[in-house]
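Encoded as structure tokens, here's the structure I'll be asking about.
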Amino acid sequence: MIDLASLNAATRADLVAALDGVVEHAPWVVEGAAAARPFASLAALLAAFERGISAGDEAARLALVRAHPDLAGKAARAGALTAESAAEQSSAGLDRLSEADYARFHQLNDAYKARFGFPFLVCVRRHGRESLLRQYDRRLRNDAAAELRTALGEIVRIVALRLDQRVTAQDRLPVHGRLSSHVLDTQRGRPAAGVAIELLELDGDGAGRIVARAVTNADGRTDQPLIHGRPVPIARYEMRFAVAAYFAAQGTPQADPPFLDTVPLRFAVAEPEANYHVPLLVTPWSYSTYRGS
Amino acid sequence: MIDLASLNAATRADLVAALDGVVEHAPWVVEGAAAARPFASLAALLAAFERGISAGDEAARLALVRAHPDLAGKAARAGALTAESAAEQSSAGLDRLSEADYARFHQLNDAYKARFGFPFLVCVRRHGRESLLRQYDRRLRNDAAAELRTALGEIVRIVALRLDQRVTAQDRLPVHGRLSSHVLDTQRGRPAAGVAIELLELDGDGAGRIVARAVTNADGRTDQPLIHGRPVPIARYEMRFAVAAYFAAQGTPQADPPFLDTVPLRFAVAEPEANYHVPLLVTPWSYSTYRGS
Amino acid sequence: MIDLASLNAATRADLVAALDGVVEHAPWVVEGAAAARPFASLAALLAAFERGISAGDEAARLALVRAHPDLAGKAARAGALTAESAAEQSSAGLDRLSEADYARFHQLNDAYKARFGFPFLVCVRRHGRESLLRQYDRRLRNDAAAELRTALGEIVRIVALRLDQRVTAQDRLPVHGRLSSHVLDTQRGRPAAGVAIELLELDGDGAGRIVARAVTNADGRTDQPLIHGRPVPIARYEMRFAVAAYFAAQGTPQADPPFLDTVPLRFAVAEPEANYHVPLLVTPWSYSTYRGS
Amino acid sequence: MIDLASLNAATRADLVAALDGVVEHAPWVVEGAAAARPFASLAALLAAFERGISAGDEAARLALVRAHPDLAGKAARAGALTAESAAEQSSAGLDRLSEADYARFHQLNDAYKARFGFPFLVCVRRHGRESLLRQYDRRLRNDAAAELRTALGEIVRIVALRLDQRVTAQDRLPVHGRLSSHVLDTQRGRPAAGVAIELLELDGDGAGRIVARAVTNADGRTDQPLIHGRPVPIARYEMRFAVAAYFAAQGTPQADPPFLDTVPLRFAVAEPEANYHVPLLVTPWSYSTYRGS
């Protein structure tokens, strides 16, 4: 991490080195931004990048888009991605796809390139796997001009996230969302402590992979939000609460088998930069949930 | 179906024919009951059977228990069950087991017979598959005398269910449970009509098989309870409500993807003869459920 | 009560006698309806009255409206109302007004008559006292023609309620609403029996008068709905549930003083002919309510 | 306010002056505490006072209790209280009693003194008016020795609250409770902003006096808890939420009159030093509440 003041004071060469890779294979954007120093805020730095990206003529913009690798493509499989791209594709599980899934992405990438003449570009960290696949469908219906604008907008989102991870400043870019929970024992009128929670991102077929585990503390919350400090990927989720184990630990009488055992809450995230607070109010015979704040 | 008055007035031979198979391979119990006519009620008829079953000496009682087939055993696979046993074992899915499951039941049956000297006897219609397997574990811990009493008690339960399906009377035996639901749209303050519901019985591994489907009517209820007119098997269940489709049909704005899509309610039934009313109160952003009445 | 078949078969004189007073001081409407016999249903009988009421010229319609007494007016205080009017005004508490309230109705009646030239007419049984007062305000803004139509519509509503109380038939007129409740103990997952409930109709100043009392039965419901067999007056209500006394009777630990003691649910009825089901789901530390069905 | 370090460093005379009145009419307790300096924490300072209070013989302890004024007594009416006592009695509304209430306290004070020989002593800030009256009833049943211990314990509570208002330190005495709320619009899945809230302390007869008003902010919370920085008096409360006005401001369709208008939540506080979070989850047709955290 480098702080914004140091970046403002750095030599041009040091600045270019510090921000290398923030824009994929396009050092000229970084150099252009360097000319706009000093930056009063991270937001101003991002705006400079945004101006740089849209400043070129159409050929330059196309070249910028074309410099990006395919999603889950050959470069990824060959280990030929930049470190940033590799980490991003991994965050969405794209480095652990089945052969069938690789084939599906390959086919979609080809269809997209055949239609638009440039690779499919998306800010991967904002999407779960299902949502990524849905993006192809939707964007294949765009016309070419709209789609080029969309692709450049995604590059700006990627840049914002990379700057957020590289540069510290007084301000923060609005690129973080949060997913949190809270368990209230409404039978006793107090927080439910010691409840095990699993968070799964769901796949199309109802299966899912666990993306977080936690146990509630004395306040019925998890010490950290289940997802925070990054976008919450657009996806369907299931939170599972070990309710019967909690009530058993309290000595609360329950049916055999208990009416409620593992309680699943299933919901979807649509806004990666928003806060999703999804609490559980529970007795051995009832529960409720809602999107809170 | 025969009504109780006709049974009271029937010749001994007709009565024995009408109740043939109510007790497995033990016509003498039926004949003993016949001597106690007339019966004022179904409850009185069942009591006569119960007396008959416990009237014999230990050898007779043991013989009665031993006359029953194994659960998911060789007789079942060979199609050599009485019609009643076949239907009962089928109700719990025991005619559709994998080879591994057959092997597991086989092993449990053998362990049980080795311990007690008679086959494992249970009123199958009161249990889901998981619960059946749990019964072996629990009952293997009994001593022999207690276990014989348990087995005879299960025969009485089987008899009660069979009488309920054969004989009509003013009274009903308390052998029926009920599982019902109700969907309230608490955003509009009215019943949610047209909501598709699936009911699954869950297996140990989280998978399940669909045991009922329904769509809510104008009152937000299903025209028939999801399970009724029989015991509700002791099992874990999941009800799935197609909530996003309902709100879309109402023209209600939802996120994309909708925060709530298919809402799963997961609960267990512990009392097969009880009423389980499990409603859903729902908006596009919240829901609650409880065991109601 | 007379049944519709008898009414169809009655002499003209007997029919007029049987329906005397259904329309206030306008026997000619009854006589006109008599000519339309036989009636296939109560709905057809009401329709005949409705046609009779709107059949006359404007002078006849005005005369019909003018034949009605003032609400809470001099005739009421002097005991000079028809039996029907007296019972109806009493149902809204208009026979128990303070001097100040009498004066207020007197002033509103005068303002209304000064504006329209006929007395204020409303189907009293459909309104609480607050709602009645609001009607003056709203209807004083109408033009004369609209207001005459409104007054005649109210007469039809009055006729419908009177026919409902005089004549039995296969069909019922849609003049009944219902207000009911249900208490679920979500701590124990079962109906809360023995909970005392009071229903108050609220006045403008937060005070109220008790209009029903009940105690929940084994199913957590009241044996009869709190209001049924008549319109539910448009009004604000408060239901009060003696929750702490219920949990104390169950031996449930509670704080001292208990967190929840008498739980008030405050709501308004806007549709007198609709069903309002307002349940309470409660633990010693939480509750929820909703308009159910 | 004086900080603990300064108190530790002060001359004996300055210390006595700074803590004058922390114990009513008993400067010797302060002087005794002074000898125990330095204090590592507020808790240590309070413990020194507590030791001082219980150190004397019974005569000294009785004298200490007898030095206190009656609750709502002649000294209070004559303006002859210490500033601390006056503020405390005012906090419970004891300076605004009706003649009938004064008479009632007078009678209870006399009964208490006749029984125990010393005035009734209670940490007034921990009680609402109803709760104060209940204390007399309960404590009149104590024996004299237990009651003297109770009275001294109340003095320690009074001292703790006075120290909390006079002395700052790293630690805080556990004398503060909190009453807060939160309004969630579960129709829209977001915090309800701009909801007017009134908090009333209820009297025996259902009336109440407003003790706080607030409007929810963008997060659906009040900028400050409704009660904080002091004990939450043991009392029955009603929070009133202007729900219909909120939904009208959102343009949400509602019935006329709206099903829910002002929603009252009625609950009691039993632990003055605890946190009471009492949220409202609401749509135009449903709501729920619970003791949260």
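Order of writing sets the chain letters: A, B, C and D. Residues in each chain are counted from 1.
FYI, contacts are C-beta pairs under 8 Å (C-beta built on N, C-alpha and C of every residue); 3 or more make two chains touch, one makes a residue touch a chain.
Here the structure is a predicted model, which means the values were calculated and not measured.
Greatest centre-to-centre distance from chain C is found for A, with centres as Cα means.
Computed centre separation for the pair chain C/chain D is 47 angstrom, with centres defined by C-alpha atoms. Between the Cα centres of chain A and chain C there is a gap of 58 Å. In chain C, the residues touching two or more other chains are 186, 189-190, 259, 281, 285-286, 288, 290-291. If you draw each protein chain as a dot and join the dots that touch, every dot ends up joined to every other dot.
On chain A, the positions that touch chain C within their shared complex are 186-190, 255, 259, 281, 283-286, 288.
Residues 131, 234, 236, 255-264, 266-268, 270-271, 281, 285-291 of chain C are the ones touching chain D in the complex. Of all residues in chain A, only 184, 186, 189-191, 219-220, 281, 288, 290-293 touch chain D in the complex they form.
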